[in-house]
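First comes the structure, then the notes that go with it.
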Amino acid sequence: MSMANTAAPAIAAASQDIAGPYGPKPRRMFSRRNIFLYGTLFVIAAYYLLPLYVMVVTSLKGMPEIRLGNIFSPPLEITFEPWVKAWSTACTGLNCDGLSRGFWNSVRITVPSVLLSIAIASVNGYALANWRFKGADTFFIILIVGAFIPYQVMIYPIVIILREIGLYGSLSGLVIVHSIFGMPILTLLFRNYFSSMPEELFRAARVDGAGFWGIFLRIMLPMSLPIFVVAIILQVTGIWNDFLFGVVYTRPDTYPMTVQLNNIVNSVQGVKEYNVNMAATILTGLVPLIVYFISGKLFVRGIAAGAVKG
Amino acid sequence: MSKSERPNPLFRNLNAKVASIPMILTAGVVFVGGTLWTVLYSFTNSKLLPRLNFVGLDQYYRLWVTPRWLISIENLLIYGAISLVFSLVIGFLLAALLDQKIRFEDTFRTIFLYPFALSFIVTGLVWQWLLNPDFGIQHVVRGLGWDSFSFDPLYNSSIVIYGISIAALWQGTGLIMCLMLAGLRGIDEDIWKAARVDGIPMWKTYLFIVIPMMRPVFITTLVIIASGIVKVYDLVVAQTSGGPGIASEVPAKYVYDYMFFAQNLGQGFAASTMMLLSVVIVIVPWAYLEFGRRK
Amino acid sequence: MTAANGTSVSIQDLSLNFGAVTVLETLNLDVANGEFIVLLGPSGCGKSTLLNCIAGLLDVSEGRIFIKGKNVTWEEPKDRGIGMVFQSYALYPQMTVEKNLSFGLRVAGTPKDEIAKRIARAAEILQIEPLLQRKPAALSGGQRQRVAIGRALVRDVDVFLFDEPLSNLDAKLRAELRVEIKLLHRKLQNTMIYVTHDQIEAMTLADRIAVMKGGVIQQLDAPQTIYNRPVNRFVAGFLGSPAMNFIDGQVSAGTAFKTGDVSIPLDRYAFDAAGNGGGPCVFGIRPEHVAFGEAANTMPFATDAAVEIVEPMGSDTLVWTKLGGHNFSFRVEAEKTLRNGEPIRIGFDPARASLFDSQSGNRM
Amino acid sequence: MRYKLLTAALAATAALQFAGPAAATDLEVTHWWTSGGEAAAVAELAKAFDATGNHWVDGAIAGSGGTARPIMISRITGGDPMGATQFNHGRQAEELVQAGLMRDLTDVATKGKWTEIVRPKSLLDSCTIDGKIYCVPVNIHSWQWLWLSNEAFEKAGVPVPKNWNEFVAAAPALEKVGIVPLAVGGQAWQSSGAFDVLLAAVGGSDAFLKVYKDKDAKFAAGPEVAKVFKAADDARKMAKNTNVQDWNQATNMVITGKAGGQIMGDWAQGEFQVAGKTAGKDYTCLPGLGLNEVIATGGDAFYFPLLKDADKAKAQEVLAETLLDPKTQVAFNLKKGSLPVRGDVDVNAANDCMKKGLAILAKGAVIPWTDQLLSQDTQKQKEDLFSEFFAKPELTVEDAQKRFADLIASAD
C-alpha cells in the first residue's frame, strides 16, 4: 500500500520513547491474573484428583503397607494382587468369583436399558416438540415432577406392577424400570433439543410429505448426534452405577457390578481389605469413566444444545 | 405436490399419540398410579404387606413426633442449602475460570467432571476413607507433626451432614460446571465487548450482566440439583449409614428403612407422602410456568 | 506528531496474526478529527478485526494505535476515549434502557447528576425518552440500536466505533437509521469509524471509505473517487449495484481496447502511468455510464446490440445485452419499454471507464 | 394369582408322591452371612446339601439382615421367590406366612419328629403359626456375651475382669494405655443389642421380660430400668472412640488388642476362630456379662417360599431335612460359633465358650430374644433410639429413658 510509506519513516525515526508502546501488550507468564487463575485451577484440580489418586495408590499396595503407611504415600512395592482378587476371586458368601460375573451382568443390563430408554425418550421429546397433542403437556409435567420422586418411594408400587405383568426378577423387568426412571430427564433434554431446531426444517419436510416417523428418522435423527451423546453418557453412567434397582429387581445370578461391589466391600472378612476394595471400586467405575474421557467434549456441546436452551 | 398426499391431521396426531404411549403409561400408571397408591396406603397400618386397614392420620401423627424424622428433615434442609449454594457457586466459578481462554481447558474440564461418572456408592466409600480420622486426612496431618489437628467430619454428630456434603459437592459440581460453561459459551461475544468498552470490571460483568442473562441455565441447573437433593440416599448410606447415631439421617433413608427394615409400610408410605407433597408444592408451579404455558 | 494536524485516530504499521494466520497486514490509517470513515469489505476481510483493535478488544501483534495523539496501543478499551456500537446491539437484557445507558458511568464513578444530564441529552438526541424505563426485550430492532448508540453517546467520547450496526435490521429501518446516523454525525461532529459490508451505507455515510480485502486496505478515498476511479478490479467490482461490466480483452499500444470484433478507442482514457505497451487487460464500465438509443451516438464509442433480458427495478431498468461476446448491462429509464431481441444502439465515453491489468488487477 | 400359586404348589406336592429318585436340582438360598466365620459356616450347609445330589445356589447379600431382608421380601412378594431364605426366627416373616406365600413344613416336621429333637421348644414355637410349622431353626444365637481381649488387659496391667462391673472399673486403666475400653460398631443394631444385653444382665431376666414381653411402659420408666440406662451410659462413654461401622471390625479391635472388650453375640466367636485365637488364652468370654448367666434363644431359621416347580419343592424338603441333620448341625454351628438346635448332638469339638453356652442351655436358663418378642417396627425404633444415645453424649440418660418408655408403650 502506498499509504504505508507516508507516515512510517517519520515514526521510525522518532525514538521508541516518544512513540510509546508498540505491538502486543506485554503479558507476563506470571502475571497476578495468571497466578491466581492457574493457581486456583491447580488447587481445585488437586482436590478433585485426590480421591482418585488415593484409590489408585491404595489399590496397588499390600495390606501390611496400608496398615503402616499413610494413604497418600505412593506404594513402596507395587502389587497387582488386589486387582486380580477384586476381579476374579473376592468372595461374597460362597461365591468367590469377584466382580467378573457382575461386569457381564452389568453389560447385559446396561446395553438394552440404554437403548430402550433413549429410543423412548427421543421419540417422546420429538412428539412433544413438534407434534403436540392435547394433554401432552400434562403428561410431560407429570414426568418432570416424577424426576423428583425419590426412588425408594416407588420401589413398592413397581414391585406390584412388575409382578402383575409377570416381569419381576427378570432382566426385561429391570430394563423397563431403568427406562421409566431415565425417561423424565431424557425426555426433557430431547424435547429442548428438538424445539431448538429450526421450525422451517420440520415444515419443509411436512410439505414434502414426510410423516411422523419419516421426519423423525430421516431429518431429526441425523441432526441429533450431540444430544444422543449426552443421553448415552447420562444413561450409561446412571444405569451402570445404579445400585438400588439392581439389588431389588434382580436375583443374585444377575446382580450388576455395583451390587457385587457393595457385597465385596461389605463382606468384611476380619480386616477390611482396603486395597481390594479400592481396586474393586476403580474397576466398577471404569466403564463410565472411559465413556467420559472419550466423549468429554461432545458432552459439553450436547449439554449446551439440550439443557441450556430452555 | 398433490393435496391428498399431505398428512391428515387426525392421522398425524394419532401417530404422535401412539409414539407417546410409553410416556403416557409411565406418567399415568407409574408416577400418578404409584403415587396415589402410596398416598392411599399411608392411611393404613400396613406392616410387611400392604393391607387396606385404615387408621386415619395415625401414621402421620407418629411421623411428626419421631425424632429421627425431624432430624432427617433438618438434615435435608441443611444439606439442600449447602448443595444448592455451593454447587451453584463452585460450579459457576469453575466454569468462569475455564472460560478465561486458559490452556489445557480440556484437561481441567475432564478432571472436574470425572467424579460425576462415579456412583454415589463409590464416592461415598472413597470419602469415608479419606475422612476417617484413624488413617485418613487427619491421621496424615497428625503424622506430619500437627498433633492437635482434628478433621473428622463423618464422626462428629454436629457436623456430619457437612462432611457428607463434601463428597456430594465433589461428585456433583462437575456437571454443574458443564452446564454453566455451556451457558457462558452461549452468551453473545458482543456483550463482553460492550462491557469492556464500558469499563465494567470482569466480576461486575459476571454479576450484573452475564448471570442475569443465564437465567434459563440456572433454572435447569437448579432443577437438576434440587432433584438430587430430595433423593439423597446412597451417599449417606455409603459414608455413614446415617450415623453417628442418627445424626446424618435423611428422609429418603427413613422411607426405605421404615418400609423395609422396620416392616412398617404404612409409616414408610406416610413419610413418602410427605416427601412427595413437598416436591409437588415446590415443583408443580415451576413446571407449569416453565413448560405448561409455552407457545 | 500527527495529532497536531487534526488527526483523531492514527494506526501505524498494524499487524495481527492468530498463529500462522495473518488477519491484518502492516496497516496504516489516519483518521482526521470529525471525519466519518467507513471500513468496507466482504466478510473475512479484516474490517471488524481492525475495529476491534482500535477499540482495544484485540491485542495487536505489531504496530501502534494513537487516539487523539495518545498512544493507546496497550490501553484498556475504556481508557481509549471510544464508544462502540455492535451489530447485535449487545444491550444488557436484564436492565432497563436507562440502566443500560448509565451502567458504565456508574461503574466509573461519574456523579449522579452528571449521569442524569448525559442520559437526558442522549435520550433527546436519539428520541428515546419514552423508552427509558423499558427493557430491551420490549423494544423493536431499531429502538434497540438507538439505545446501543445512546450507550456510546453517554460516554462522551471523541471517537465512535460502529461494528455493522444496521445489519440486523430490515431494509426500510436500515435506510431510516442510516439517515439518522448521518444527522447524528453532523450534529456531534465526532470522529466515527464505521464497519459495514453494505456499499450503500458506505457511499452515503462516509467522508472517506477504506475498502478492505485480505487484511489490507485496498483503497482509501472519498466515496466518489472510489466509485469512479477504483484502484483495482476488486474495488471496482465490490462497489456499485448493479455491478460494473467487466470485459476481458487486449490493449493494443495504448490506443484501443480490443475484445472479439469490438475495438474501443482509449485516447480519452487517462492512464495512471505511462508506458502501457499493451497486453491482456480488463475493461470496466458502470451500467449507468452507458448511453442508449439516440444518446449513444453522441458518445465517443457506440455500437449496435440486441436486447437479451430486461430487468425492471422500479426507479430504472437494467438491460442485458452482449458486447464483443461478453454479457453487458446498462441502465435505462423505467419508462422505456424494450422487447427481447429488439436491436438497439449503445455507447459510452471511455473516459469514464476503468482499465485493469489482467495479471495484477491494478488500474492502468 | 395367589390361588394359582397355591394350586400349583398343591399339584407339586401331589406329584412328589410319585416322583422318582430326585434329580439334581438347583436351589437358590439367600442369606446375609458374609463375614469370614459366617461364610465358612454356610459353606458347611452347602456342602451337606450338595451331598444329597442337589445343588446349593448361593445368594449371599452383604451388609447385615437389614439390607438383605427387604430384598428377600420384595422377591417373595414380587413373585420371584428363591428356594429358601434365612430370617431371624420370630416375627420377621409372620406376615409372609399369613399371606400364604410361604410353604407349610408340617409334614416334613412330623416325619422328622422335629418337636422331639429341637431344643429348647420355644424355637419351634417361633416357627409355628396357627399350628403349622413354617421354618427350620438352624442355630441358637445368644447376644449375652462380653468378649474381652486378654492382651489388652495385660497391657493395661489390670486383671481380666470377671463381670461387667469390673470391666467398667478397669476402663480408665485401658484408656490410659490408648486402648478403647469398649468397641461398639456404628451400625444401629449393635448399640441397640448392647442395651438389650445390659437390660438382661444388669436388670435381670424378669426385668427384660417385663419390658419386652409384657411391654410394661411404667416399669420401663422406673428405677430398675434407670439402673440399666446408667450402665448404658457407662458403655457409651467407654465406646466413644470406636471409629468402625461393622460388628466384625469392632470384634477385630478386640482380637488385635486395640479394644478391651465388646458386647456382641456368640457369632463373634467365629471371628476369633478364623483369626486363630484360643478362648481362655487369647480372649475371655463372659456370658450374661458375668452378671446374669442366661442365654437368649434368638437365632436363624430358614423359610421356604411356595414354589411352583415340583423338583424345587422336593429339593426344599431335602434341604429342610439336611439343615437339621445332626452332622450338619454340628459342623455348621462349630463354624458359626452358635449353639445347635438339637440337644442330642455331639459337641465335644466345642470350645470353652461354646461349652459355657451349652451348659447354660442345659440348665434351662433361657429367655426369648427381642426378635421373637417385638415387631420389626419396634425393633427399628429401638435401634434409632440407642444408636442416637450411643453417638450423642448430649442425649441425657433421663431423656433417653423417657423416650424408651414411650416406645415400649406403643410397642407391638
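We call the chains A, B, C and D, going by the order they appear; numbering starts again at 1 in every chain.
Convention: a residue touches a chain if its C-beta (ideal position, glycine included) is under 8 Å from a C-beta of that chain, and two chains touch if they have at least 3 such contacts.
Owing to the predicted nature of the structure, the values given are computational and were not obtained by experimental measurement.
*Asks:* If you check the contacts of chain C and chain D, which chains show up for both?
*Replies:* A, B
*Asks:* Starting at chain A, how many touching-chain steps does it take at least to reach chain B?
*Replies:* Tracing touching chains, the least step count from chain A to chain B comes to 1.
*Asks:* From chain B, which chain is the farthest off, judged by mean CA positions?
*Replies:* Following the centroid criterion, the farthest chain would be C.
*Asks:* Quick one: report the Å distance separating chain A from chain C, using the average Cα coordinate of each chain.
*Replies:* Going by mean C-alpha positions, chain A sits 51 Å from chain C.
*Asks:* Between chain B and chain D, what's the gap in Å when you average each chain's C-alpha atoms?
*Replies:* From the centre of chain B to the centre of chain D is 38 Å.
*Asks:* Can you compute the centre-to-centre distance for chain A and chain D, using the mean CA position of each chain? Integer Å is fine.
*Replies:* 42
*Asks:* Taking the mean of the CA coordinates per chain, how far is chain B from chain C in Å?
*Replies:* 55
*Asks:* Of all the residues in chain A, which ones touch at least 2 other chains?
*Replies:* 155, 160, 262, 265
*Asks:* Residues of chain B touching 2+ other chains?
*Replies:* 256, 259
*Asks:* If I count partner chains per residue in chain D, which residues reach a count of at least 2?
*Replies:* 70, 74, 77, in rising order.
*Asks:* Once the touch criterion is applied, which pairs of chains come out as touching?
*Replies:* A-B, A-C, A-D, B-C, B-D
*Asks:* Going by the contact rule at the top, pick out the chain D residues touching chain A in the complex.
*Replies:* These residues of chain D touch chain A: 1, 28, 30-31, 33-36, 39, 42-43, 46, 56-63, 67, 70-71, 74-75, 77-80, 82, 246, 248-249, 252, 255, 271, 274-275.
*Asks:* Mind pulling up the chain B residues that touch chain D in the complex?
*Replies:* Going by the criterion above, the answer is residues 47-49, 62, 66-68, 132-134, 152, 155, 157, 240-247, 256-264, 267.
*Asks:* Residues of chain C touching chain B in their complex?
*Replies:* Interface residues on chain C, with respect to chain B: 52, 55-57, 76-79, 82-84, 86-95, 103-104, 107-108, 151-152, 155, 163.
*Asks:* Which part of chain B faces chain A closely enough to touch in the complex?
*Replies:* Residues of chain B touching chain A: 1, 5-7, 12-13, 15-17, 19-20, 22-24, 26-35, 37-38, 50, 94, 97-98, 100, 102, 106, 108-123, 125-127, 129-130, 135-136, 139-140, 143, 170, 174, 178-179, 181-183, 185-186, 216-217, 219-220, 223-224, 226-227, 230-231, 233-234, 251-253, 255-256, 259, 265, 272, 275-276, 279-280, 283-284, 287-288, 290-292.
*Asks:* Considering the complex alone, what residue numbers of chain A touch chain B?
*Replies:* For chain A paired with chain B, touching residues are 37-38, 40-41, 44-45, 47-52, 54-55, 70-72, 120, 123-124, 126-128, 131-133, 136-137, 139-158, 160-161, 179-180, 183, 185, 187, 206-209, 211-213, 237, 240-244, 258, 261-262, 265, 274, 277-278, 281, 284-285, 288-289, 291-293, 296-297, 299-301, 303-304, 307-310.
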